[in-house]
Every structure is written in C-alpha cells, then in structure tokens.
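A, B, C and D are the chain letters, set down in written order, and residue numbers restart from 1 in every chain.
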Amino acid sequence: MDTTKVMDWDKVRGSTRRMRISSQLTFVLPAAVLLLLVLVAIFAPLLAPYPPTKIAMTERLLPPVFVEGGSTAHPLGTDLIGRDVLSRVIYGARVSLSVSLLVILITASIGTVLGIIAGYLGGRTDAFLMRVTDISLAFPGILIAILLAVILGPGYWTVVLAISILGWAPYARLIRGEALKLREADFVAQARIIGTSPARIMVRHIFPNIINPLIVMATLSVGFVILTEAALSYLGAGIPPPIPSWGNMVSDGRNLIDSAWWISFFPGLAIGLVVLSGNFLGDWIRDKLDPRLRQV
Amino acid sequence: MSKIILQVEDLRTFFFTRKGVVKAVDGVSFYVREGETFGIVGESGCGKTVTGLSILRLLPEPAGRIVGGKIIFNGTNLLELSKKEMREYRGRMIAMILQDPMTSLNPVYTIGDQIAESVRLHQGLRDEMVEKEVISALRLLKIPSPEILLEDYPFQLSGGMRQRVVGAIAMSCYPRLLIADEPTTALDATIQAQYIALFKEIQKKTNVAIIYITHDFGVIANMCHRVGVMYAGKILETAMTKELFKAPKHPYTSALINSVPRLDRKDDRLYSIEGQPPSLMNLPPGCRFSPRCSMAQAVCSEQEPPEVEISDGHSVSCWGMK
Amino acid sequence: MEGRDLKKYYPVTKGLLQRTVGWVRAVDGVSFTIERGKTLSLVGESGAGKTTTAKAVLLLEQLTSGSILFEGKDLQQFSQLQLKTEYRPRVGAVQQNPWSSMNPRMRVRDIIAEPLVVNTKQSKQQIRSRVLELLQQVELSPEHAECYPHEFSGGQRQRIAVARALALRPSLVVLDEPVSALDVSIRAQIMNLLKDLQGKHNLSYLVIAHNLATVRYMSHSVAIMYLGQIVEYGEAEGLFERPLHPYTRALISASLLAVPEGNGQEIKQIILSGEMPSPLNPPSGCRFHPRCTEAMDMCSKVVPEIRVVGRQWVKCHHYD
Amino acid sequence: MRLFQAFLALIGISILIFVLVRASGDPTMLYRSSMATEEDIARIKVALGLDKPIPEQYWIFVTDLAQGDLGESLIKKRPVTDMIVERLPNTISLALSSFVVSMLLALFLGVLGATRRDTFLDNGVKFLAILGQALPGFWVAIMAILVFAVYWQLLPPAGTGTPAHFVLPVATMAFFLLPGMMRLVRSSMLDVLDSEYIRLARIKGLPERIVIWKHALRNALIAPLTAAGMIFALLITGAVITENVFNWPGIGRLSIEALVSRDFPVVQGITLMVAVVVLLVNLLVDIMYAYIDPRIRYQQM
C-alpha cells in the first residue's frame, strides 16, 4: 500500500487515545456482563419475583410492562401457561452457566492432555489422535447430540456429555499445535540436553507455555457452549421442560410468534448478550496475552 | 563521473504504534550514481531496510509513514507522485531484492509466470516476446537451463536458485536502480560469493545503480564503491569503501570494524563496544551513539552533531571532527 | 573427547508401508579429537552435517555407527544411568538463538538452576549460591536472577545461556553458532567472555559455526566439513595460513574482506560453480569434485584418503 | 492413500454407532409393549438377529449398510432409506444455495475487510459478523419471521414451494455461516498480505487489483480450505436448525421428528448417511487442495 506524505500529528495522537479507551471498554463491559450473569445465577432465588415453574392460568400471555396491556407484576410478560418470563430468564442463567463451566472444564482438560501428548510425543500417537480429532471436527456434532438424546433421553447430563463430545477437539488441535511448536523450541532441546525427563518437560516446560492460548480458548468457548446448549434445548434434544433454559424458552414461543413475541425475544436476547460478552472478553484477553494474534 | 540517479535528502520515516512513535529513519541523506554500488551497513533494527522500502514507498500501512525529506530519482521527487505514477517506477525503473528467498516468491505460481508478469506489465509485449525476455532475464542471472525452469514452482528450487530468480524478476525490465536488501544473508558462504560476483558482472553489463543493504563488512568490502554507516536511524559516516576501512573517522565505525574478527590475521583480543543500541522509540539526546562512545564529550549528549564533509566524498556526523 | 568414524544416516521412506527407499547420509565417517582446555570448530555450510555431529555428542541423536570416547571411555559402554550421572553433567551446551533457548515462563534463577535441580540433589541454599556465582562469572548482576528472559537483550540472554551451560561444572561445552544470532557490536563481547571462561575453568569447546573469521578467533583446531565428511582438519593457525583443500580455499576466499587496507590490490576470488549436492545421493569419488576448480580425472572415480601434510590433514588427490 | 484413510474412518464410525446402539440398552426395550410375553421377546430377538454372536451382528449391520439398507422406522414402519431419499432434495437445495450465497459474500467481504482495514465498511462488516456469531441462529430466524412475515407480511413464514420460500431460510443460514467463513478469509488474507511475496509483487509495480485478486487470494484460500470440513459440519448444523424453524421438510426436520418420537433407526440412518457424505466432502477438499497448492500436487506424484 502506498504511503501518505503529510502527517497529521494530532490526528494520530487522538486515534491512539481513542484506541486505548475503546480497548478498556471492550474489557469492562463484557466482564461486567459476565459477572452479572454469575451473580444472577447464584442469587436466582432471591432475584426472581416468582418460582420459574409456577403456573398461573389466569395470567396467560401477558405482554411486557412497556407494551400496552402489560403490568409491573410481570415486567417481561408471561407465557402460554402464565409463567413469569423474567423469572424464567433469571433461572435460565443457572443452566447456561453451569453447563458452560462443566463443559469447559471437561473439554479443556481432555483437549490439553491429548494435545500435549500428541504434540510432544509425535509419531504414530500424534497421527492417530489427530485423525480422530479431524473426524470429530468434520462431523456435524448436532447429529451426535440428537443421537445421544434419543438413546439416553434428553436431560442435563446428556447435554453436558453431548457438548463435551463436540467440544474437546478444537482444544486438542490448538494445544497440539502449540506443543508441536514448543517441542521444536530450543529451550526444550536444552532441557533434553540437560537430561530432563519427558514428563518433567511436558509439565514444567510445555504446559506453562500453553496456558495463554488455553485461557483464550476457554473464554472464547463460553459462547460456543451457550449457543450449543440453547440450540439443543430449542430442538428438544437438550434441557427438557419444565426446567427453564433459554433455548427451550425460545422454542416455547416459536408457534406464538405472531401473538406473543416476548416469550422468544427475551431469552434470545440474553443468549446474545452473554455470548457477545464472552467473545469480546476472549478477544481482549487474547490481545493482552498473545500479541502475535492481535492482527486478526 | 557518471550522473547521480538517486538523491535522498533528510528522509524521515516514522512508525506510529500503540506504544509510541518509532523513528526508524531519522534524517538520512545520501546519493547513488549510475553504475555505482552504494552500501548501507548497520546492525539489525538500525533502519536500513526501512530506508530501502521508503524509496519505493512501500511501508507497512497504516503504521509506517514518511514524515519528511525528499527522494529525488532522475530529477523527480518520488514523494510527490500519485500512487499510480509511483507504480510506473516500481519494477520498471527501481527494483528491489528482498532478504529471504524462501518466502519472497509466490508459492502457487510458476517461476515463468512470476517473471513474465513484470515483463508483460512494464514492456507491453506479446506472448512470444515475453517468453524470450523472461529467458534472457534468467540467462542474465546465469540460471542453468532456463527453458526447463520456467515450468517449475518455487518450492522445487534451492535457496540460492530462488534468490537468482528473484534477481531475474528484479532485472527483467532493466531498471536504473536496484535496492538489494541483505540478498545473501540467508545463503551459504560459497553461494553468497557466487551471487555477489554475478551482480558485479550484471552491473558492468547494464550500468545499473545498486543500493546494497547489509550488516556484513565483508560483503561491503567486496561489493560496494561507497558506504554509509547507519546507526539508530541515521547515517553517521559516508565514505569510499577503501577509505572507510583504511581511515574510519566516526568512533562507531572504527569500533565496529575493530570488533569484527578478521580471517586474514590472528586477533588476540577483539575490541568490544559496551552496551546495546538504543530503542528507536526513545533515542538518547544529542548524538545517538554518545552513551556507548568511548570518546564522548559533554557536548555529545546535549546537541546532535552536524554532518561535516572532511574530504571529497567523506562526511561524518561527530563532534570529534570539529 | 574423541569421535571415531561417526555415521548418521536417516532413512527416506515412501508409501503406505513406510518402505525405506534410500538413506540421507547426514554424517558419513567423521572423526575428531578435542583436547582439554582447547577449542575445536566444525565449519561448513548448511547441510554439511556439523549440527548432526553436535547433536550426537549431546545424545540428541542416535548414531548409526561409530563411537564417541569421553575422557578415554567409550559412551557405548555406559549404561543409561551412567550416561545420566557421569556424562550429561560433564557436557554443557549453548544454542544459537538466545531468543528461543529459554523457557519464557521461568525466571533467570530457575533457568540457570534447572540443570542442578534435574541432575543433583543439592539444597535450595546451595543451588541459590551457585546461581549467583554463575551470574557473576558471566558478568551479570545478582538482581538479574529474579527477572524473566524477555527483559534482557540478546547479548545478555546469551550470557544467561552460558551460565546455564556451566552450572554443572562441565569439562566440555558444545557451542552451536554462539554468536551468529547476535548483533555485530555484541558478538565481540560474547566471544571474549567465552575465551575468558575457557582460560579460567580449563574448558573444552566444540564450536559449530559457518563464519570463518569467528572460528579463527575462537579455535585451536578446525575441521572443515563438506557433505557429511571432514575434508580438512588441523590447527587453526596453519589451516587458515595455508589451506590445502580447494574447498577450504574457496570458503576462505568467500569470506575475506576483498579490500585490504594497505596495498589496495584485489585478491583473486575463487567462485565455486553450482551448489552442494543432496546427501541422499552423494557424488562418486571425491564428494567435492563436481564443484572443484582443480578437479582431475581420478577425482570422480577414487575416494581420496587422508593425507597428512605438516600439522594438518586433508582428503584430496592433489596431495597423494 | 487418502481413500484408504477415509475407508478406515468409515469403519471406525460404523463401529462407534454399532456400539452406541448396543450399549444404549436392550434394543428389544424399544419394541416391547407392556403385554409382550417372554416368547414375544425371544421372537423379536431372532427377528432382529440378536441371538447371534456380536461380531456376526456387526457383520450383518455392515452388509445391510453397504446395500443401502438402513433399517426400518419404528413409527412409520417404512424403510429409513426411502424416508431419507424423499427428504434429501429439500435439504440439498437449501444447503447448497445457502452455501453459495455465504461463500461468495464471505470471499467478497473477507477480502474487502482485509484490504480496507479499519475503514467504515470494514467496521460495519465486522459488526455484523460479531452479531452473527453471538446471536443464536434459531432466534434470529424467529425474529426474522416476526418482522418480515408477521408485521410486514412480505415473505411466507414457513414451508416450501415458491422461490420466496427460500429467502428467509437462506438468509438465516447465511447469517449463521457467514461470520466464521468471513473471519477465516479475512485473517488468512491478512496473513498473506503480510508476506514477502506480496511485498515483491508490489515492488514489481503490479496494480493493487492484481496483487490482491491474483497473488494474494489464491494463497489465502488454502487456509479456509483446510477448514472446509468444519464449514460442512456447520452447514449441516445450520440446516437442522433452520429446517426446524421454517418447517422445511428436509432431513434436519426428519431427524427432529424422529427425536421427538424416539425413532432410533431413523436418527441412526441419518447420522450414518451424513458420515459418508462428510468423508466424501473431505476427499473432495483434498483434491481441490492439490489444485490450488502445487506443493501438494507434486508431493503426491
């Protein structure tokens, strides 16, 4: 690309300051949203005005408060059988959050162990593990999840299991790539020259150097897990009703879209907000921890 | 004396990054004559590559900008040209060879395609003529059996051969000025010697002016007529090569020459320069070499020394010359 | 340390069943001796086999054949345990690139202490005082111990690498291009440091390098390698003053300053044609003959034997 | 070589599904009604071949598969193969058109984003991409129905038939697929633009247009191509969700209908068929790979 001849100093300074402020905003806002989510999930019984499964047939399909006909008793309206949408959204946070934490814990551990082993040991172990990873990545996981739901029946643990089966491969691939690079690094060669055992090398020299990408990946996968859980619940292969999950709430509203849009709208908005925050936070952490990746 | 083809005056190229302003090139002036090789020698990060890219106006955007100076090529200030006019100069009038032959060729096109592209663009020839020109460019670089090589992809060639192909691309339109940025650093010693000998020969044949950028005094001695010694964004001393080796005037130049071990004599102990080159984001006040200079006076860390011409074609920026 | 007829062949495999279709002869019959307190340099262009030889010495590569003798004992006679306790601690290594040779997540004190932690059972206190002593030896200050590698410049990092290599008080240090990644003005600092340490601790160095001037400054003896073999070997002084092998002469000519200060006359340069052939299929006879400016008929047919000329030896038919 | 690996993978998947089927409990449970006697169960076992040893059961399972026999639906009592074949064209037409639309857009916007970095256009595209990655596809689809079909009544809310029926499903799928694909193109384009050979192309004096669309794009396509397998997986996932929102009678809809009625053979059949298609797609990708990257082409010769 071509070079501009004249320089506008003030403009450059201004833009770097703007960049700094916006970079702080991309941390503060998403972090605040996620923190709020955690608090809401923990204190759901205190925050929610009604029990999430309380049916009130007399108060069916009430619109949210800011729409004509809505009342402050149900700020976000009620659904087909009179359950309070706000309460259900609040309780839905519990499902989303706990599923995310569990799945990320499981997938990150499996992926890291397999990735380090494949990357550092190389050879046939690596070839085999990576072939399995490739197949797992190329396979539409939603079908496996549906298959599992048919076999085991939909439920909380089925969802955790299904998303874990879908989610470990990206970790394994990322960590394996990092481990492969590190294996060739001079400091690992140095460790071998000194006589360090493979186990010590993997734990002390390789693992600490993959923590950064691991954290980035984990943060970025919050979004993936929540979206997948929601999609499965929406399809009926996830959290079964009446337990409120954002996904099955959107599904509840699908056929009432022409008359009671709020049933689907608010849980979807919650998903979007949380996923957006997870993605932004992940990007921010990546920028901080791994300047190499900043360009993208 | 032959005509001056390129004159660079007080060139300043800065990079504007999040952390601050990097003054990669900070007031560089030099000229090159037709048929002459001007060497720019300096350590890594002293701004020599950026100087080369600035001449072609190909800095990484948006961070890198030329903020001052003139680059006069054959009477035209390149900095005043439009983007389109500038493109007319690139490849046709001014060519450049990059450091790493392993990455500077496009992996998915054949050698023939990559050379022909230049020829077709700048000479507007028909296909049969293009192929002839391509082959003659390969011949100029003494590439064995060029007809076969046309169909090869870069990954099928060795590093030395790839660098010759890059040379053929550069020379395919017979430019007036060639900027060679460490073209032999990635090559083995004997291949490097081949390459340098080749370019000396090409220069005799085509009378091309060459700016040769390197960190290696051996290469400078071998290849260049005149040299500029660059340190932290500035040329500290310019002289004829022979004179520079015989009587270096700037303390940095002499320290650098003395700190390099010599093959033709036994050194008992090398002279070593203390400290590190400064950060280009945070240059020391006064002379930029003063913190490491063994002959620094009080004035050196206060005011920047002016460039003084001490004899014909030999100029130095040092308070010690006053 | 002595190397006898070292050979390292890598198999070239092909197809589904990983059939071996040929051998890359990376190192093909290399012998050398390193005396106590002296420096031997292996010199050659990329692909000459010098790095593979060094890796064999560091036990990073299994030799195809040949033996390495350390202080008179054959390494093959050593058990795994003996290698770990008696050989490894006696051989240190400094690598080419100081930017990648240190774990970025470890503090300097842990980096230098790592050999001690892995190989000895010293107390924390002992290790700590040894680390400080080492820092002092490489002319760094004790405060540096708490820093991370990225806080240092290339030259300082290379000093840390030297300290780590010396941690176990080795008698031999393998230096793989110890200064080529450094800036020109920093190289002299490190080379001088290495020479000082050699004198002080009576260290032997095995230097891998491609820059002849560096080699001349650093070494007592030199081995010139070409395509997996040593073509000329001898004391550094003699070899650089009176190179025998045409390849050595070409290498020297390629790295000489062509403008001598005094008389101004140009030195006649020897320019070799072609490139180093593939070690998969080395030329017959003398491996250098296709590029040699002085090749004779027999060079392509008969493998040259070692000829001793003065205090150096050479593999070339011109000295038969 | 590649074929051989694909074949191995196929065997692996068939074993996995076979094990899943058998591990999920006694298959007779699915058929058993409360009134079935012991003899009934034994009869069913024989009918299903469950009295035979496991390896033989697997062999029967595989030979049936090889002949295209995916078993019979528990609910509809029809061959699963027929059910899939009947629905397949709908899915293909939806997936293919969405793929083409998003691929073209991804290329165009990705390249534009990479070459005009930090301009208004780039930021706008980035913003859309961020939204596309954050909002759940099914929700976006429902909201699209709300806006375009319920309020404005421009487009039909669901079903098939006219070209107008395609608009909303394809748009939702594209919204779902585009961000990932675009990010891939954009980041790989940025990598390529940073390389030395692009610098050399500019040194030659080539106009930007040729530098980007000839020198950079072909290299930039290599990275997204490695992800083609994943994109295909995404396509299927998108199809399952979209078909359900829009009552699109494809195999995605079929799989959920089967899920609701717990019609195991149907879900199993769909999964297996998709597995085969996935392997075929990956083979195809390898071939394209060789076409774009000469290094691979020559290696295999």
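Definition applied: a residue touches a chain if its C-beta (ideal position, glycine included) is under 8 Å from a C-beta of that chain, and two chains touch if they have at least 3 such contacts.
In this text the structure is predicted, and so the values were computed from the model without any measurement.
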item	value
Identity of the chain that, by mean CA position, is farthest from subunit C	D
Chain pair that, of all pairs, has the most C-beta pairs in contact	A-D
Length of the line joining the C-alpha centres of subunit A and subunit B, rounded to whole Å	50
Geometric centre distance via CA averages, subunit C-subunit B, whole Å	32
Whole-Å gap between the CA centroids of subunit A and subunit D	21
Per-residue overlap in subunit C, given as positions that touch at least 2 other chains	none
Contacts with two or more other chains, residues of subunit D listed in rising order	194
Where subunit A touches two or more other chains, by residue	1
Footprint of subunit B on subunit D - complex, ascending	117-118, 194-197, 199-207, 210, 215, 218-219, 292-295, 298
Of subunit C, residues touching subunit A in the complex	58-60, 84, 88-89, 91, 93, 95-97, 100-106, 114-115, 118-119, 164
Residue numbers on subunit C that touch subunit B, as the complex places them	45-46, 153, 155, 183-189, 191-192, 195, 210, 212-214, 216-217, 237, 240, 250-261, 264, 269-273, 275-276, 291
Residue ranges of subunit B touching subunit C (in the complex, touch as defined)	43-44, 158, 160-161, 188-194, 197, 215, 217-218, 221-222, 241-242, 245-246, 255-256, 259-264, 266-267, 269-274, 276-277
Touch list for subunit A against partner subunit D, complex	1, 131, 134-135, 137-144, 146-147, 149-152, 223, 227, 230-231, 234-237, 247, 250-251, 253-254, 257-258, 261, 264-265, 267-268, 271-273, 275-276, 279, 295-296
